[in-house]
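What follows is a group of structures, each given as structure tokens.
What follows is chain A paired twice: with chain B in the first complex and chain C in the second.
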Partner chain A sequence: MIHRLLAAMFFVFAFSGMANAEPFKWGGPIGSQTSDGYNALGPVVQQPIEFPHYRHARDMGINCMYCHTGARRGYVSVIPRIDKCIGCHQSIESVRNKPRIKKLFWYWDHKEPIPWKKVNDLPDYVRFNHERHIQRFYFRQNRPVREVCGYCHGDVANMTVDRRVKALSMGWCISCHEKDHRENDVSMKTSHGPYECWQCHK
Partner chain B sequence: MSESGINRRDFLKVLGLGGSSLALTGCGNTDIRSGDEVIMPNVQPEDFVVPGLSVYYASTCRQCGSACGVMGRVREGRVLKMEGNPASRISGGKICGLGQAAVQVQYNPDRLTQPMMKVGSSLQPISWDKAMALLDEKTGPKSGIKGEEFGFLTGAMSGHLNVLTQNYMESLDSRNHYVYEALSPAISLAANRRVYGVDQPRLHFDKAKLIVSFGADFLGTGASPVHFAAEYAKFRKAPRGTLVQIEPKMTMTGGNADRWIAIIPGTEGVFALGIANQLLKHSEFTGTVPADIVDLVSKYDADTVSRITGVRSELVGHVASLLWEKTPSLVISGASVEGHAHGVQNAVAVQLLNQILGNVGKTIDGQAQSPFPQLSPAAGSFSALKAMNEKMGADEFKAVFIHGANPVFTAPSFMGFRDNLRKVPFKVAFVNALDETAEECDLVLPIFTAVEEFGSNVAWYQPEGVEITIQQPLMNQLYPDTRSMGDIMLNLVKARKADEYKAWPDFFSYLKTAIINIKPVVKYTDTDEHFWYDTLSNGVIHVDGAPQQVSAKFAATDLRLPASANAQDPVYPFYLVPSERHYFRDGRHANCGWLQESPDPMTTIVWDSWAEIHPKTAASMGIKEGDWLEIASQNGMLKVKAYVFPGIHPDAISIPLGQGHESLGRYAKGVGVNPFRILNPVFEKDTGELALYGTRVSVRKTGNSEIVVKDEGPVNTQMGRKLVVTLPADVAQLSKEI
Partner chain C sequence: MSITNLLNNWSFYRQKRPFRGQYDLNKQYSEYKWAMALDLDICTGCNACTTACYAENNLPVVGKERYQHGYAMHWIRIERYWDENMGEFPESGTSFLPMMCQQCEEAPCETVCPVGATNHTNDGLNSQNYHRCIGSRYCSVNCPYKVRYFNFWNYPSTAWPSPLQDQLNPDLTVRTKGVMEKCTFCVQRLNEAKSRARTEYRLVKDGEVVPACVQACPTNAITFGNIVDPKSKVAKMWKNQQVDLYKDEQEKDSSMRGYRILEDLRPFPSVMYMERVRDMEA
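Let's turn to the complex of A and B:
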């Protein structure tokens, strides 16, 4: 199944790369994404800055966790602090006058947080733990980061502004927890995800 | 089968299907919509801030005077939860409900967020610059104000803020620093000084086999309830200690007692002397007290004691035999013993039992001497308020500052405090929220809450050695227009003694220097910076010291109790017991929803005031639960609902303190009644303190009734079912047991 998923993802990567540098910019109508059986494509969200994920993750090959530093450490993946952005961009003169970067520096100069809109949101009674998933699939199974993050977030590395592409519903979570996953990259031992209510509903 | 072709069973099937499909929908897609919520990332947070991960910082709880060491759970720069600090000898890693509520003080919607100035009859917002300019104009060095024209009223305070306050008063050449606590331990301290020569001996609950408590609610409102609760838990472990509580109204500690004895308020000393009389008949106690005391005590035979105290005569001998049997024991007194005209005598009479039983040195010894007396707490007293009130009445003040107390709420109406305060031309309040006193002031300055402020505290009850608890901010200030009280005090001192304080730009640097100066005393060998950071992360500095040796000394003159403490009063037949609730204390915590919602441990009533009345008294007056009563003293009347309660003396009426606010915030305003208002001018004759329990009241039924909101179920009726078979205490012959 994972292979089929990967193949589908590859197809999406390849196709979208050819057609458009920012393939998910317009998206289809809500619910048009049906490859995993959950009509899941979320709305296009207007962000304060059109952050080009494809530029960072695909073109530059930056690991998702370089910016989303909480994903391997805690429950939330963390929207990067602004000084993280500035840390690199103050040395990248070539893009310093681009409109998006100007906007970024405006926030930085005014010491104001950027009011990003939530794209992948869950109800308050659900506590999704990023750390558990990243530790298992990225560190122990040694899989590529874009694949691991992509299980839930889709192919963000080919998006400009992020867009929800998976259902993030309970049934969708369970559909993956039901499957047997290898415990690490050296052993063939497998186990499925937990089913206990309290694992997510604290 | 009905005419429509659907029978009841089919209908239920359909309904079941509909229900389950609805349930499935509930578990499936949710109503979360992408893009509807915002995430605000930090611009430039501290390196150790990891969103989603909690960090614990040590600090000090300032909800009461116990100065428990606490840890605050902090996430994304916000304090979310308070826990005990295991390094603190006072809290021992535990915390009480009042301490937990510190976060609700911080996020209280009624916090004052900007300075206010009285314009006409209302308070209007002004800028800090203008506020400080006004403060300087009226009280600064150029104002020409003299020391005797200035008064500073504070609550009990300790540590370096207290030192700064003293220095400020010194710089003004003023001796008018009034330390006021509405529920002060002043009478207890006076009795201790008379008997033991120290303010507060150390009490070893854990070493006692029997505790006889005369009205001391040490588990709820005592000097250090969290510490005492831990000691009490050790006392109750096998072999289980026995607790006897003697008081007019059952407190939470009384509710935990093995034997609870109701007594006429103010006659506890007589009961103690009655027990002493019985004990001194035993040969092993001969010579423990001087002959003149033996002579004085011998007048208190069981029948006399019973007549005065209203307690059955056999109980005198019974408690005496328990004390004789279980040794070592500990006999303590509390607020309901001390709050009378003869409060010191009452408390001394109670302590006499410890001397006879040889408890001094076993379950009672001294506290360690502090090497930093300047940090020790200034204990509050009512006499301080009285002195200030008299000076205000005589127009002697040009300016007063008020911080950490709400005297307009807690001063009894007979003092006319509000009117006298209005006579002062310039009044300044330093507060977190607008309370009754701040409403009367000309300038109201919003200060940091305890979880935003740096500081140091020393509790007046120290379990072991001396513990200096360090208060470090658990988060940055929530509102930009609030300021640190420490900074304000430092600037006030600097305005007059600039040279002496120029080394410190703010209170933080002053405190840091002062704390580092403690380093040699605790024999810390690493660098100053390491000491400072170790101290911050531990939250406490322990200065070890051997406990002082105490010995008890009694004079017969201190034991002369009035013979007519239970005199009948035809107009005001009832004794008013204004009980201290452990969540509200003197009322300063009433604007906290959690605390309003927490049921009173005895009655389970929430969000209200009530009058406890004994079932026999209620029956004789035709009063039922929820009946509106008029409780009147010579100084005022309160309308309050009746709660019929067996844990009270039939001649007493108890109304809890802390409610009845006219201000303070949305959760406090207009809830319940304020018994402080109707207290009579009865004073403890040796200390001049207000006798809180010395007021007599009348009770009148108004004829109206309303439901009492409480958690309690029908405890007495068991809804007609015999769930738990119970027997009245006298039928069960508990005397054979306890």
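Let's turn to the complex of A and C:
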């Protein structure tokens, strides 16, 4: 009897808080919850063009960094400018009449930037360096690019519009920084990520 | 810090700091130890460093009234002193002393923080984590240099009326009410330089990165660098002045100008000042 009462109370408390919260789903992929159980998938983002990542990254096998050029050079990975899209698509006649491509060319003809929205958005007080992660795991350890980006971004190559799949919380970052990673693909020497507050918090 | 890390490096963490050899390239404890040397003979007290710091570190301008109450948020300030017995021209006895966080090795502020918002980094910096700070102000009370500044008001809402918010530095948080802050040796620049250096498989070169105050100083009175590297300019200056980071009482020639402020309190500061020399007979 007491168990049922407790269970009932648990559901009352658990779901009463949900009424005001952001879209909240129990479960989700592994690593998508923060330590306090918050589902970090975030709100569904409506992008101006439903960009098919699977077409580009999976079907065509394009390297993520062909478009996200900042990832190996600096703090932000960069959402590409429209001329990057047009650079290829002006010579791909076969898809020219697809609705998404028409929309792309509408922005191009009207000389307007595409108002993409940020999906993997960190708080303002966090400094995340894409360059160090890409240099370390992609260039030094020679791991496949979809794996390296996927540590934080999930399997984007099988998504249409990008969705946040990892918690991007501090405990989740630290869980990886704690691990001993090999320094490059030939040596067995390992080191872990930095722990200092000031490395990430600004 | 994980438990494994703590256990593996137990002998390192239980050491009393600073211990001799802590900042030694051969010992591999730390690759960097940021330090400064400040020549008061060259300093003209022009306040360019303070202005540069305001611009770089998103410091709010508090206004005349609050300034008079001592609420100014200058992370680096020019202290003004008057030498006595200057005879006919007392105004010629002014001397200036730029005072910023000394990044003490054994910092008095760190031990008293109830929430661990301020602690020591591997680079020998005294870090301040604004989002952990609860504003007890104990650190400020315990700081012998009085270089910690508290946000008594919600400055972000008043200090930068539109469109001034566009000039804020995005590499740095804009601190809100109830948070302690202090000079960081422009850690955002240091971090960027360190990342760049790591990508290129090297250490940060001497002079590659400087804080805003050093960059702005028109007379080059401030020297900044990595004291672990014995070839860096700042390490040479410390050595020439016979100032030792690990000592609380320097044994040096009386002709040497170098000193550290309030050394006898044993905070082991990272900033060396060089005394002003006056020619009294001229």
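Note that the second predicted complex is superposed on the first by the 159 of 202 C-alpha atoms of A that agree within 3 Å, B and C clash if a C-alpha of one lies under 4 Å from a C-alpha of the other, contacts with A are read in each partner's own complex, and residues count from 1 in each chain.
Criterion: a residue touches a chain if its C-beta (ideal position, glycine included) is under 8 Å from a C-beta of that chain, and two chains touch if they have at least 3 such contacts.
Everything quoted here is computed from the prediction, not taken from an experiment.
Chemist: Is this a clash or a fit when chain B and chain C both end up on chain A?
Modeler: Overlaying the two complexes on chain A (C-alpha atoms) leaves chain C and chain B clashing.
Chemist: Going by the contact rule set out at the top, does A:A167 touch chain B (first), chain C (second), both, or neither?
Modeler: A:A167 contacts chain B only, not chain C.
Chemist: Kindly classify A:E178 by the partners it touches after superposition: chain B alone (first), chain C alone (second), both, or neither?
Modeler: So A:E178 only meets chain C here.
Chemist: Taking the superposition as given, does A:I62 touch the first partner, chain B, the second, chain C, both, or neither?
Modeler: neither
Chemist: Once chain A of both complexes is superposed, is A:D83 in touch with chain B (first), chain C (second), both, or neither?
Modeler: Once the two structures are laid over each other on A, A:D83 reaches chain B alone.
Chemist: In the superposed model, does chain B or chain C contact more residues of chain A?
Modeler: After superposition, B is the partner touching more of chain A.
Chemist: Is A:H201 contacted by the first partner chain B, the second partner chain C, both or neither?
Modeler: The second partner, chain C, only.
Chemist: Looking at A:R132, would you say it contacts chain B, chain C, both, or neither? Reply first, second, both or neither.
Modeler: The second partner, chain C, only.
Chemist: Of the partners chain B and chain C, which touch A:P115 in the superposed model: first, second, both, neither?
Modeler: first
Chemist: Do any residues of chain A touch both chain B and chain C, and if so, which are they?
Modeler: Chain A residues touching both partners: none found.
Chemist: Sort out for me which residues of chain C touch chain A in the complex.
Modeler: Those residues of chain C that touch chain A are 1-2, 4-5, 119, 121-122, 125, 127, 129-132, 171-173, 184, 187-188, 191, 195, 198-199.
Chemist: Give every residue of chain A touching chain C within the complex, in rising order.
Modeler: 124-125, 127, 129, 131-132, 135, 178, 192, 195-199, 201-202
Chemist: So in the complex, which bits of chain B are touching chain A?
Modeler: Contact set of chain B toward chain A: 27-45, 50-53.
Chemist: Residues of chain A touching chain B in their complex?
Modeler: It comes out as residues 42-43, 45-46, 69-70, 73-76, 78-83, 107-108, 111-123, 163-164, 167, 169-171.
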